[in-house]
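In what comes next, subunit A is part of two complexes: it sits with subunit B in the first one and with subunit C in the second one.
What follows is the complex of A and B.
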């Protein structure tokens, strides 16, 4: 592994961490699409900054771009406040307009300079190590490494300083306001950090990847945990993991690094989405199926309790009476048998004592709908477990 | 046109997500066929757009992630994957690959006649389906549960609308490109929404606005050199939206502000009048003159309001003195009564 490769991976990891922190909060605050809007609309800011300084890496560029990001947020909110359109429409209107202005500005004035839309949108990580920062003639590392490092330090500093406030205003804006924190200030602070991170990362990894790095790790982490701190750490870990593995995939395929990091993020999310222990697709489907069977079982038991006549309780009669398929009926009857809820005597199904008690309790619960009762039942029976 | 449905269904950003999600489809279609035949590429885009859409659905319904997260996620992931494939294609020894990235930003000038025909056909198809299923779409849009109880298969209709939105987006990609497609979908509809409350009017207006911004945008971009079509069209559409926001008669900001000011003036007028009434009440002759000075301490009073009262013949002025007319007196007492009634 050459030093350039190491540096690329280092930059990618730093970007991933820097994005994961604001990303987590954006996802929790249901503002994920804002990051997409910001990543597009910073373009005019960058262009204006570029006209002034003629240098793609000057700090002024970052400041201006961050400013445009905040302007985007303000515009979106203003449009939304008029009540004429919904928030998502407002976002969808603002950022393409700003982006178009940026594109036109580039097309009209900067056609012959090194600044094109592809570079802004897609970025090229592979070239990052060649753009070195020289301090009094000494090579101290790639420029983007320093930029993103500084941004990361600031972000982490802010995170530690305002963790409590952020947490509170994210989950209960009203309480935060009544305790004297200004949710508005926190909101704009977060927006500014997101804008700055987006800008700092864009020329290393491109705008789209920034969005992916902000949302995907946070979303994956959100599926795995409900603890804010754990979620932060998990999303950072996911970010770094896909950054490094994405780099090697790109190396192997000889394709865009940004693209392959995103693809790794996508795969990661897919895996989490399918296999997350309690919120994954498979777990959810399994649970839904379980519940369906359990509800069927309850229906079955209720039916038995309501009918004392023998002909109503004949195995075959049941099937046509509750209108179940053969397999489903068999599953339910087997389940009931296994739990000693019923006994089958000469094709006549009858409730056992246990089954009878259970059914009465269930009816009680259904009628009164009190939580205290279900707590007791959870211990006794498998039905309401989990 | 279809944008109207997207806006009303609060799925505005879906357009953005789909247009990004179409990219890997284009790339994969190219990888499989090795030719830059626009129909196959569009088919690929359509398929991957649909996959993206339904995955978004799946995420929203099956997990606790919110729609914005799902959209952003699919958008960036698909796009990133598409980029990976595109760069991978660029490394392949195939002369045909150039120009695939045209789909990213779009260039209406690169359209050839067959593309235009395809678009016309699809637009016609959209129109026919829209007319055929108008009632179903409308019911689904405003009251999904009702539609369900009426026995419509909401899922099928839902899928139908979504598929057409995806189709429209994929076709539009060639013209305005990935990034700006969402604006094309949204802006006309958002503008049209300001002018009307009726769905059919809105769809019609949206189509009109869309067509206008397309024509104007193309004209402007042709007049200037070095100006790509897509962004100009979007800016024209945005101007339409701004205009609608400000000037639409019922919902517009301008008229709302005017109404607001008018209401406030009315209120001040009433305040002054009732103040006068309270003074006049203490005298036997209601038209007993009073000096203007005593009004000075009163907040709602300005010279303008006094003049207006005179104009309405509620008050007569005589030098520095004012007096309430019979008409004015009656108006105020009624005003008072009305308020009392309302309070009850």
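What follows is the complex of A and C.
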């Protein structure tokens, strides 16, 4: 592996971590689309900054572009506040307008410089190692690496300092306000960090990948954990994993690095979405199926409890009475037998003591909806897990 | 009940997009009362609480807590928002939510430590939710979630408690548990202000009541002013509830 390859992977990984941090909070605040808006609308900021500084990596350019990002958020909120259109419409109005201004400015004035729409959308990660930072003539590494490194350090510093405030205002803005933590200040702080990160990552990975790196790792992590800190770490891990694996996929396929990383992010989310232990699609489908069987079981047990007469409890009559198909009836009876809730004696089904108690308890719960009495049943039955 | 005024609201007017939702409210809440705020939907009950707590900015009027502005008296006040105002799928545990109640006294940047954790565990114990401390909040029933919110307010150890519909969507056991805690707070000379929907239970639960419908209709002891006349004025129809006095 050459040092250029290593540098590209390092840049991609740092970008992934820097994106995962604000991304986690954007996902939790249901503001994923805002990152899309920011990533596009900072273009005019970048172009104006470039005209002034003639340097794509100048700090002034980053400040100007980040400012455009914050202006985007303000504009979206102002349009939304009129009550005439909803938030998604406001986002859809603001960012194409700003983005198109940037596109026109590039087309009119910057045709002959290293700034074109393709690079803006997809980035040029492969070229990142060629743009070196020289300090008094000494090569200290690629410029992009330094830029994203510094942004990441600041982001981590802010996360450490304001983790509590971010968590509180994301979960309960009303309480945050009443306790004196300005949710508005925290909101704009997060928007500023998102904008700065987007600008810093923009040059390396482009507008589309920035969005993917902010949202996909956080969305995947959200399906896997119920702990905010773990969610942050998982997002970072997923981001880095996709960055590095995406790089090698691009290497083998001789394809776009940004495109490959984004594809890996998509695949990663798909796998998590299908296989996540409790929130994944397969787990949910399994749970729903089990719940259906359990409801049937309860119906069956209740029928037995309500009928003491033998002819109502005869195996041959049960199927007609409850009106179930053979397979379903068999599944339910097997489940009841397995749990020692019924006994079958001479074709007559009877509730055991356990089955009787279980039925009363379950009915009580369904009527009163009081949780305390079914705590011990939650482990065995999906039905009672809410 | 002492004669001190815990919360004073003067000429408060609040508007959303220039449409007043609270109009010229004057209100004095004495220390140590357990007060219900009642009124129809859209009467501005939640808005009143939010304006007192500085979450919403009024277009006119002022609020004072024990004679000083809310900003200076924050530490004396605890707030229980409507249960539906937060996302219960948020990745956090019951204990962690209760710990949030300690953030106010910690201030910016400082992290909660052992002392805060201990206080949170005690509050969980008080509402009977200690066995659920590590449970993810979406795995709790509606009643349990409301108890968690109550514990989060208790951990603040405030003098005045504002609660927005704490009985909404809770089971009977939780309702009794909550009202017992509220009565215990009153006994400790705390002031408790509750947005309440169930008119039938007002005389049983509360000793003070405020009728609100954009304007203040009446405020005072339940035994003096909780009558058909005020109910009709507030709800606009000939409202009669059977009240056992």
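Going forward, the second predicted complex is superposed on the first by the 373 of 386 C-alpha atoms of A that agree within 3 Å, B and C clash if a C-alpha of one lies under 4 Å from a C-alpha of the other, contacts with A are read in each partner's own complex, and residues count from 1 in each chain.
Please note the rule applied: contacts are C-beta pairs under 8 Å (C-beta built on N, C-alpha and C of every residue); 3 or more make two chains touch, one makes a residue touch a chain.
Remember, it's a predicted structure, so these values are computed and weren't measured experimentally.
Superposition of the two complexes onto subunit A shows subunit B and subunit C fitting side by side, with no clash.
In the superposition on chain A, contact of A:222 is made with both subunit B and subunit C. Of the two partner chains placed by superposition, only subunit C is touched by A:161; subunit B is not. In the superposition on chain A, A:181 makes contact with subunit C only, not with subunit B. Of the two partner chains placed by the overlay, only subunit C lies in contact with A:231; subunit B stays clear of it. In the superposed three-chain model, the partner touching more residues of subunit A is B, compared with the other of subunit B and subunit C.
The least CA distance from subunit B to subunit C in the superposed model is 5 Å.
Across the superposed pair, subunit B and subunit C both touch subunit A at residues 30, 222.
Chain contact summary for the complex, subunit A toward subunit C: residues 28, 30, 83, 161-165, 167-168, 170-172, 174-175, 177-181, 222, 225-228, 230-231, 368-372, 375, 385-386. Subunit C makes touch with subunit A in their complex at residues 17, 50, 53-55, 71, 74, 77, 79, 81, 85-87, 90-93, 97, 100, 103-104, 106, 108-112, 131, 136, 138-141, 143-144, 152, 171-173. Residues of subunit B that touch subunit A in their complex: 7, 10-13, 15-16, 20, 58-59, 62-66, 68-73, 75-88, 91, 101, 104-105, 179-180, 182-183, 185-187, 190, 193-194, 224, 226-228, 230-232, 234-235, 238, 241, 245, 251, 253. Those residues of subunit A that touch subunit B in the shared complex are 27, 30-33, 35-36, 40, 79, 82, 84-86, 88-89, 91-93, 96-97, 99-101, 103-104, 107-108, 111, 117-118, 121-122, 208-209, 211-212, 214-216, 218-219, 222-223, 250, 253-256, 258-263, 265-266, 269, 273, 279-281, 284-285.
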